[in-house]
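Common to both upcoming complexes is subunit A, partnered first by subunit B, then by subunit C.
Presenting the complex of A and B:
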């Protein structure tokens, strides 16, 4: 098993490189970072432009640029932005912001998704099941940016009704906030609720559908009946035997869902003014910045592939039938 | 063996069966109904019975008779949509109306259950040991710790006959075979020493040799716990050998009850009589007329007044439709023998006259056919010949570059021929390669090894056109008529399709379809109906009509009756018999049910792990089997006659089928062989080293001349000798 996982990890690393190279090459081919410089009025002298081209290695072949960038990246230096800031200095802060948002959103999303799905399955064709189905489809068919804006609007109404700033929808913290640990925590939570909800809602909707059908498969199964015949109450049999088995197929979904969150995260970060990786990607594209784009892509690739690897691990842990000798 | 004798003693004790002591379980006027789109389905309609401590009550009936539903009601495991009425008392305590928590204290401790399908009855993600221990821990209270429960689980697994229990307790369900899983389920059921064990079709999903093992385990379980057993089954043979008393259910009601001997010897309800007459018997040959019960069980949504069996009953008279008959003591029978029929007195009188009552009553007769003369066999044309057929499936390993690491030897050198006008039965347990063999034949592709010959042409080197031509003469009927008919085509199109493919003109097809329907006993008005509107037996008739559309010479029948209820099965078997006689067909009949094969086949080939171990005329092989595996297989099959069952000695095979990817050296059967164990060391060595060749069998008569061999009976065993087991 350990050998199998190690081999999978090596495969995944190779895939990470391929993904990053493709993003790098695509960005390098289409971006024109000196175009903005040339469009200035009055235009800067040719020497300045040439210097910028040399600094950004624009005249070298793309594979060579990639290898040079990668060589530095391996040592922890992801290059500089078009405006000559260090990416590596910015990177940890951005990753921290994004992970905080995604991790919390995912935990809430998985937890509530499973609960809603199981409840729907157990109460199939009752009112609560229909309600959960309805809201799931509404949320799934709502684009994330619209969902974010809707939540902002709801929060605004709520704040107005309460007559106080209960929920804040810009940034991570109040700029220049002063106060003790407890007040700081409250301040952070006030900022965190809306973006987390934006991310979690989509996941709850998505996971609950799958969890519902996985649970329904198990509900009619013979082994659940055996467990009850043994003397377990229905509730206990449902959770210990039913849910445990129904979670197996979900493991893959959870893992890849987390890896792919960055797509929804991009909008969420933008809407709520969180300066995370998604926000950075948009910024990088706006600025015609190859290095930022490649760095964020590498981050996403690593996230997806670590998730994939983790899903293999989870699956093996959850299901003895796939455990390899 | 000893369990068997102990059982007989119990039966012989008149006090036991005659007047039941304080009942362990008392079910009274049980009613269960479910909602459906057409209205409420009354699955159980006023069922009453009692079970005494230590008694085995058999509940028999066809699918939909309410036998399983009534037992799930006792366990309190019916879905919430079910409406339940009446009373269920366990040692006087009313179970109906108890909450789930209260019931969970009774389930598994005082009443335990064994289910039909062992493959899905265990939770796949926990070890077998944990699941058995769980049963102990839920009821154990504080004194039971995880480690004592675990130790007890090992003891229980050992008790139900799992070898090396201490090690196997850590295995997951998917590492167990079907028979082992059912043993594990039984271990779980007896874990808390219950008063009552309900076994719902406990052996239906298992092979016969495994069925015999599991029934033996159930008996052991009963001896150990002293529990009463409710055994639900559709197999009258199993009931005959196991039960003390029997309830026959039909349309949600008990229609006859009594001791097992009374029911089998003097049935007093026409349905029971028909049911008993419809089973082909292993101990009776071709001469047995099979009773087909016409029609199908009634819908339980809106039952008309009167006897629910009336429309299918040969004794039906207008008075039967007046009211549903009560379950009353049958005249001239033991006091607790009851039947629900107003004409049961006439039955008793007719029975007193003797003769084949069931056959006369249901107008069953033996299909008249010219006997297939075994002496002239050699002169008849070989319509299907298989010579040293080999089919191996590669086992591969590795990710991208998959390399072959072994082969599943599904079929490994099988030779037989089917000659014009005869039926060859191909029998064996699941995994023996019988399905692979017929798929190879039907594929008409060159096999991995050996050769296949159909109507004189070798399949190797056939052109596409030739292959299409040969398909006309070689047709197949599959096991599951539900799955082998396209539900979106009307019967007309289903039957016409083979003729369209072969390019027959429209006029011919239009004329042929109604003819074919009539031939298989369907009414031609039903031509535009869809398969969903037909019952299982009728669907199988459609499949047969489709297979006959091209007027084939050979029909391959892949378990054609095993998905059908017994009363329906008899009709289809009679039809096949008749078609063979009328159309001069040859059948290759694949089945796991040897009783059916004995009834329909002229010759039989017994397969084990990809090889034929014995082949010969049905009468010779069944009466004087020479290969130990044939003997074990025949001995494992229960006969629907309690008296015969009590006398029979059962050969119990040990263990399960070895993996065909890694078969034992020498004789493949030696690892489970009952004869092998009795051999001397050097004889055993021969079995291990040398694969027994297929040789002519020795004659059955002890005074036959030395060196004489039967011409047409081959057996592949170094130490073959006759042992009568039926």
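Presenting the complex of A and C:
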């Protein structure tokens, strides 16, 4: 198994590099970082523009720029933005914000998704099953930004009805917040609920559909009947034998669900004013900033591939046949 | 492995990628299929599916209304009502008005039409690329296969949202047709992979081998034997792509990376409306509601088509369960 996983890892690393180069090259080709400078009125002197071009290495060939950027990047220096701020200084905070959102969203999404899926499979064609199906279909047809906006709207109504600021929908903490540990925690949670819900709802809908199918397959299988015939209670047979088998295809799904999560995260961060990586990507593109874009792309590629690799690991853990390869 | 007759009684058959054959009584199938062409059969099955039929009717109605709305709507999208700024829905402005007196109904219809058109066009472009790449990779194998699949893997590493967003500055001030091409260029990878997998099994079947031994050129074999036998999956996949493209397009447009002004799409409308969403909800609720309804309709149609084209699928909503998990994952 170790060789299988190692081979996949090497393959992923190569893909990661090429993908980052692709994004870097596309950004370098389409972005025009000095355009805003040139458009100023009165126009700045040519020397200033030339100096900016030299600073951003705009006149060097793109592959060379990429190699220089990558050389610095592996040493932890991701370059400077168009307005000459250090990317590396801001990077850890942004990554922290995004990962918190992603991790919570994934944990809540997979957890509830599996529960909802299993519950609707066990109670197939009952009201709860139809309700869950309808809910997933509607959620999967709703773009994340609309979901976020609607949740904001609902939260506002809720706050008005309660007469207090129960849920907060801008930023991840109250700026300049003063108070003890407990108050700070409450403050964080108040900010956390809506964005996490926005991310998690899509994940729940997505995973529960597949979990339901997988579980239905297992429910009709012979080995489950055998387990019950041998004297296991239905509950025990379902959870010890059934669920484990039904979780195998979910492991592969996980990698793809994560891609969905990253795109959704961009919208969520933007709507709720979280300064994470997704927000940075949008900012980077708006500012014609190649370095920011390349850094975020590298982050996304690494995340996608780590999740792909993790799902290989889960797969190997859950399905013994893979381990033998 | 159960088979589906796609070509209407010429004896060619295609594996539907299924793992576990489902117990459908044979005489029931025979009774259903006696003396009927496959097209009629599929149509009959599709029409029996209430949800899918509703989806089709709703989608057709929405598209028709959005196309013909200039004929009967009281206001045009480029007209300004200087007597009503930011008014809620009323008899003369069905969906209300914006800050500068534009009619939200006219705007929404224009956006809906653009979003649906983009979804349909992109799906068409995507399926063409996917079938060429998938069939070639599967049929020729060797370095063609390795090269094409490497490109597919590479493009799958990055979410297409990210790639298109990065290219989008080049779109500033250009027409939406260019944006459609871009969407199509990054929407085909998963379909291509599924089609390649199907081609791999088709290539080994007797009728393809027979054609090859008779000296038929590869291009002809792909056109006449491989592609028609994958038609079911391609049709189903087109609907899935339409739905996901509409979501992607509105998302990109929401950030200003998609449809550029003066053009509007549901995404740009929702963005413009959302700045004051909490006090003037009519600015984005209608566009948002129509967006959800359209995508929902497309998804129902896709589900119904899958039930109709793939007789091995079980009744009810769990239509995907008879598929190979790998294929299934890739489509997600």
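Basically, the second predicted complex is superposed on the first by the 320 of 325 C-alpha atoms of A that agree within 3 Å, B and C clash if a C-alpha of one lies under 4 Å from a C-alpha of the other, contacts with A are read in each partner's own complex, and residues count from 1 in each chain.
Simple rule for what comes next: a contact is a pair of C-beta atoms (placed from the backbone, for glycine too) under 8 Å apart; a residue touches a chain by one contact, two chains touch by 3 or more.
Bear in mind that the values here come from a model prediction, so they are computed numbers and not experimental data.
Colleague: Check the residue A:98 against both partner chains and state whether it touches subunit B (first), subunit C (second), both, or neither.
Modeller: neither
Colleague: Which of the two partners, first being subunit B and second being subunit C, lies in contact with A:234: first, second, both, or neither?
Modeller: It touches subunit B, and subunit C stays clear.
Colleague: Please work out whether A:282 is in contact with subunit B alone, subunit C alone, both, or neither, and reply first, second, both or neither.
Modeller: In the superposition, A:282 contacts subunit C only.
Colleague: Residues of subunit A touched by subunit B versus by subunit C: which partner has the larger set?
Modeller: C
Colleague: Quick check on the superposed pair: does A:106 touch subunit B, subunit C, both, or neither? Answer first, second, both or neither.
Modeller: A:106 contacts neither subunit B nor subunit C.
Colleague: Return first, second, both or neither, reflecting whether A:295 touches subunit B, subunit C, both chains, or no partner chain.
Modeller: A:295 contacts neither subunit B nor subunit C.
Colleague: So in the superposed three-chain picture, is A:268 touching just subunit B, just subunit C, both, or none of them (first/second/both/neither)?
Modeller: Neither: A:268 stays clear of subunit B and subunit C.
Colleague: For A:22, select first, second, both or neither according to whether it touches subunit B, subunit C, the two together, or no partner.
Modeller: second
Colleague: Just to be sure I read the superposition right, which of the two partners does A:226 touch: subunit B = first, subunit C = second, or both, or neither?
Modeller: In the superposition, A:226 touches subunit B alone.
Colleague: Find the residues of subunit A that appear in the contact set with subunit B and again in the contact set with subunit C.
Modeller: The overlap between the subunit B and subunit C interfaces on subunit A comprises residues 248.
Colleague: Touching residues of subunit B toward subunit A in the complex: what are they?
Modeller: 75, 77, 100-101, 104-109, 112-113, 115, 117, 120-127, 131, 134-135, 138-139, 172, 174, 185, 188-189, 192
Colleague: Going by the contact rule set out above, which residues of subunit A touch subunit C in the complex?
Modeller: It comes out as residues 15-16, 18-19, 22-23, 26-27, 29-32, 125, 133, 137-138, 140-146, 149-150, 152-153, 156, 206, 209-210, 212-214, 216-217, 248-249, 252-253, 255-257, 259, 262-263, 266-267, 270, 281-282, 285-286, 288, 293, 296-297, 300-301, 304-305.
Colleague: Can you list the subunit A residues touching subunit B in their complex?
Modeller: 221-223, 225-236, 241, 244-245, 248, 318-321
Colleague: Where on subunit C does subunit A make contact in their complex?
Modeller: For this pair, the touching residues of subunit C are 20, 153-154, 157-159, 161-163, 165-170, 243, 247, 250-251, 254-257, 267, 270, 274, 277-278, 281, 284, 288, 291-292, 295-296, 298-300, 316-318, 320-321, 325-326, 328-330, 332.
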